[in-house]
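Just below sit the structures, each encoded as structure tokens.
The following pair of complexes shares a single chain, chain A, combined with chain B in the former and chain C in the latter.
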Partner chain A sequence: MLLQTTITGLAIGGIYALMAVGYSLVFSILNFSNFAHGSVIMLGAYAGYFVLTRAGAPFPVAIAGSMLAGAVIGVANERLAYKPLRVRNARPLYFMISAMGVAIFLENLVYATLGAHFYSYPEVLGRSIVRIGEASIGVLDLFALAFSSVAITGLHLFLQRTKSGLAIRACSFDMTVASVFGIRLDRVVGLVFAIAGALAGLSGVFLGMKYMAYPTMGWITNKAYVAAVIGGLGSLPGAVVGGIALGLLETFVSVYVSSIIRDVFSFSALVLVLLAMPNGLMGKYVEEKI
Partner chain B sequence: MYIQGVLTVAMINIISATGLAVFTGFTGLFSLGHAAFMAVGAYTSAILTYFLGVPYVLALVAGVLASSVVAALVGYPTLRTRLRGDYFAIATIGMGEATRVILENLKITQGARGLPGISQYTTLPVAAVAAAIVLALARNMLASVYGRNAVAVREDAVAAEMSGIHLLRTRMISLVFSAGCAGLAGGLYAHYLAFIQPVMFTMVQSTQITAAVVCGGTGSLTGPALAAFVFTVAPELLRAAHMWRLVIYGLMLVLIMVFRPQGLMGYRDLSWSTFSTLAARIRRRTPHGKR
Partner chain C sequence: MLTVDNVSVFYGRVRALDRVSISVNQGEIVSIIGPNGAGKSTLLWTVMGVNRPASGSLRWRGERLRSAPDWVAARGISMVPERRRLFDNLTVRENLLIGAYLRKWDLSMRQDMETVFRLFPILKERLDQYAGTLSGGEQQMLAIGRAMMGRPTLLLFDEPSLGLAPALASEVLRAIQRIREEGTTCLLAEQNAFKALEMADRAYVMNTGRVALQGSGKEVLANPEVRAAYLGIKAGDE
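Let's look at the complex of A and B:
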């Protein structure tokens, strides 16, 4: 039981981490909380669903399709809703309102066009179960864990080993100075939103397979945002740690305490972490950049 | 009767929008869960009049106090982190969720089924008087030293702090006032509809208040009040567009941020002098037109 809960918790934590990384990546560059990220995840889930069912494509194609869709939507979102604000150096509050607007717009657009009903994914991975010792773990959970670890490791290598990664890290340190050194801000920001969108698409497919696809599923990602804050906004290792910690906490609470008050626990954890460590577990700075 | 009802709801929405205008428009903080404060106020006052027979006005006051206390409890740990407003925003989402879960599972709130048969005390005059009081209070508060401090915090928190303004206190006062307004609006709403249910106080409600404040204009009180009025009345006229209402709200938030971030009435307020200057301008122009 203990082993099983731990592995399920890790799998959910992996998906949270994947989503939280998207929040943190955008935050580290533009210094605001991108509430529209959840909607991109939702659209990614729908994209994956339609590629699987309408086009009848195999599972890997669906993942690639939804990652591509997520990247495109993410970049379009930035270009249309954030770039005009970025250009005139608007306050983070305005970015947040704009992001909120995008989230409400996309969510209700899907609601108005595709309807409120739940699209359940076809059983690509089956309901088969792997037994490890006494624990029985769903194949889906194992896949989710594997994919999110690969994606996060890949992102880490990209940021540390490539020139574009270096540019992103430079911008997250100081955008103005980076642009003085000849880094093209538009390109870097676009790249960041493409990466965040692709990760959103990937996590959308797994969320869709686990909980089905529906217009308001983006709000699950609030939990991922909580994970990012617990880990320390703007810090990628923090997002991973926060995501996994939150996944484990939730699974343990719903198994050993009650699944109804699970969310109350997660948000209390947020408040407690903020009280004890205002930076989050691995955050670098408390204050907004001046 | 129907028109009276719409106007009553409009007054109630003006109250909650005024509260949020102080918080977002003047202090520069963002909340995603103002509906939860409404829920706390609504349930507190409804339970008091329904089960305990407390007089209406006292119940409303209790609702205001309850939502202010909840706001202070959520606000202290999150606003304490000095310059980061985002933490508070996410905490309000959590608070909204927690409030819903608690309301759905408590016995006294009768869970998701809601509380029916609350006495219908809120009439148009009551709501209008309450709205007028709240607007007057907010106006005076913002014209006081406190109001100047709040604007300074919004414009540049670092500079404000260096000039000796207590950041946390300024933000907390603004939050508590704003939550109090939401609580009052909730209490009035409960006693107008005579029935409340946890699902009434969700993101949709919060979104509507936020949209009113942002469209009405940051740094303005009359702008958000006007917008809240329009946003309540207009959907009634366009019933068919119901599904698309939120789509339009979302689009409007983005468009305003992109093209006119100060909102329709940003940093300006309607007052009697606005009308008199306007009248003077018209008077000056008409003789020329006649000639």
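Let's look at the complex of A and C:
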């Protein structure tokens, strides 16, 4: 039971971490909380669903398709909604309001075009279960854990080892000075939104498989935002640690206490962490965290 | 090589530069001195393309400079900003790499890193340290090294000796002279007026957003008003 709960917790934590990294990455560059991220995740879930069912494509193609869709939507979101604010040096608050507008718009776009009903993913991975000793572990959980680990490790290597990754890290510290050395801010910001969008697409597929795809599923990602804040907004290791911690906490509470009060524990954890460490577990920013 | 012609810049409704005209010729060290708030930094950031002039023009080798720093950087202009503004979250090596961002990261870049280390040997020992952990003097050296890595034709220095102990300040200013000897043109904004004028081929004195005085370094240094206002030397003191 313990092993099973831990693996399930890690799997959920991995998906939270994927989503939280998207929030943190954008925050580290533009200093605002991109509340449209949840809607990109939602659209990623739909994209994966349609690639699987309408195109009848295999699972890896669905993953690739939803990541691509997420990246394109993420970049379009930035170019249409945030770039006009960016070129005018608007304050983070305006970005956040714009992000909320985008979230509401995208949700309603889905209501208007696809309707309010829940799309349940076909059982590509089946309900199959792997037995390890006493524990029976869902294949879906194992896949979620594997994909999120690979994606996050890949992102880490990209940021640490490549020229573009270095440019992103430089911009996260000082955009103006980065541009003085020839770094094109539009390109870096675009790249960040493409990465965040691709990760959103990936997490969308797993959320869709776990909970189905529906217009307001983006609100699940509030949890991922909580994870990002617990870890320290703007810090990628923080997002990962926060995501995993939150996933484990929720699963353990669900199993050993009660799944009804699961969220009480999550948000209490947020409040406690912020009381003790206002910038999160690994954050550097003490400023506004909206 | 660089011509700034009648440039005005506003921060909101405040006029930070008021019809400023300066020029920099190839191979020169040109110093701009003046008190805090005179517009020295604003002028450098405007050349770099970060500030957009409300009127006037900036020309670089006959071409109109755009208000886009990445574009200006690609034209061979680089900058050592006031208070360094290093990437504290990056290592010394990574800061130098950012300086070389527009270039191919090949063998020639390694040679240029060696050139930086010849000028500032301490940086070689600090290569894998985070820039934020360096001392003030080391940080200033890194800021200069970072800018050198782009092989600029024109290098802008904003208060390079600010906040440094006198010995370190002299070392930094000597480094600037050596950079010029190796062929890079230098435009220098400094509050350390005496040293800045002494090493300058030509100099401008700025006050409240305007160019108040200009001439060769020696002429400006000999000007009685400059001596009284910036060097604290009254006529008859010597």
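Throughout what follows, the second predicted complex is superposed on the first by the 287 of 290 C-alpha atoms of A that agree within 3 Å, B and C clash if a C-alpha of one lies under 4 Å from a C-alpha of the other, contacts with A are read in each partner's own complex, and residues count from 1 in each chain.
The rule is simple: contacts are C-beta pairs under 8 Å (C-beta built on N, C-alpha and C of every residue); 3 or more make two chains touch, one makes a residue touch a chain.
Note that this is a predicted model, so its numbers are computed, not measured.
Asker: Can A:97 be said to touch chain B (first), chain C (second), both, or neither?
Answerer: It touches chain B, and chain C stays clear.
Asker: Once the shared chain is lined up, is A:278 touching chain B (first), chain C (second), both, or neither of them?
Answerer: first
Asker: I want to verify the contact counts: of chain B and chain C, which reaches more residues of chain A?
Answerer: On the superposition, B touches more of the residues of chain A.
Asker: Quick one: classify A:267 as touching chain B (first), chain C (second), both or neither.
Answerer: So A:267 only meets chain B here.
Asker: If we overlay the two complexes on their shared chain A, which of chain B and chain C does A:111 touch? Say first, second, both or neither.
Answerer: first
Asker: Along chain C, where are the residues that touch chain A in the complex?
Answerer: Where chain C meets chain A, its residues are 48, 50, 69-70, 73-74, 78-79, 81, 85, 87-90, 94, 97-99, 101-102, 105, 146, 150.
Asker: For a test of understanding, state which residues of chain A touch chain B in their complex under the given definition.
Answerer: 32-33, 35, 80-81, 84-85, 90-98, 100-109, 111-112, 219, 222, 225-226, 229, 233, 260-261, 263-264, 266-267, 270-271, 274-275, 278, 286-288, 290
Asker: Help me check something: in the complex, which residues belonging to chain A touch chain C?
Answerer: Those residues of chain A that touch chain C are 163, 166-167, 169-170, 172-174, 176-185.
Asker: Would you pull the chain B residues touching chain A in the complex into a rising list?
Answerer: My answer: residues 24, 28-30, 32, 74, 77-78, 80-87, 89-91, 93-95, 97-98, 101-102, 105, 157-158, 203, 207, 210, 214, 243-244, 246-247, 249-254, 257-259, 261.
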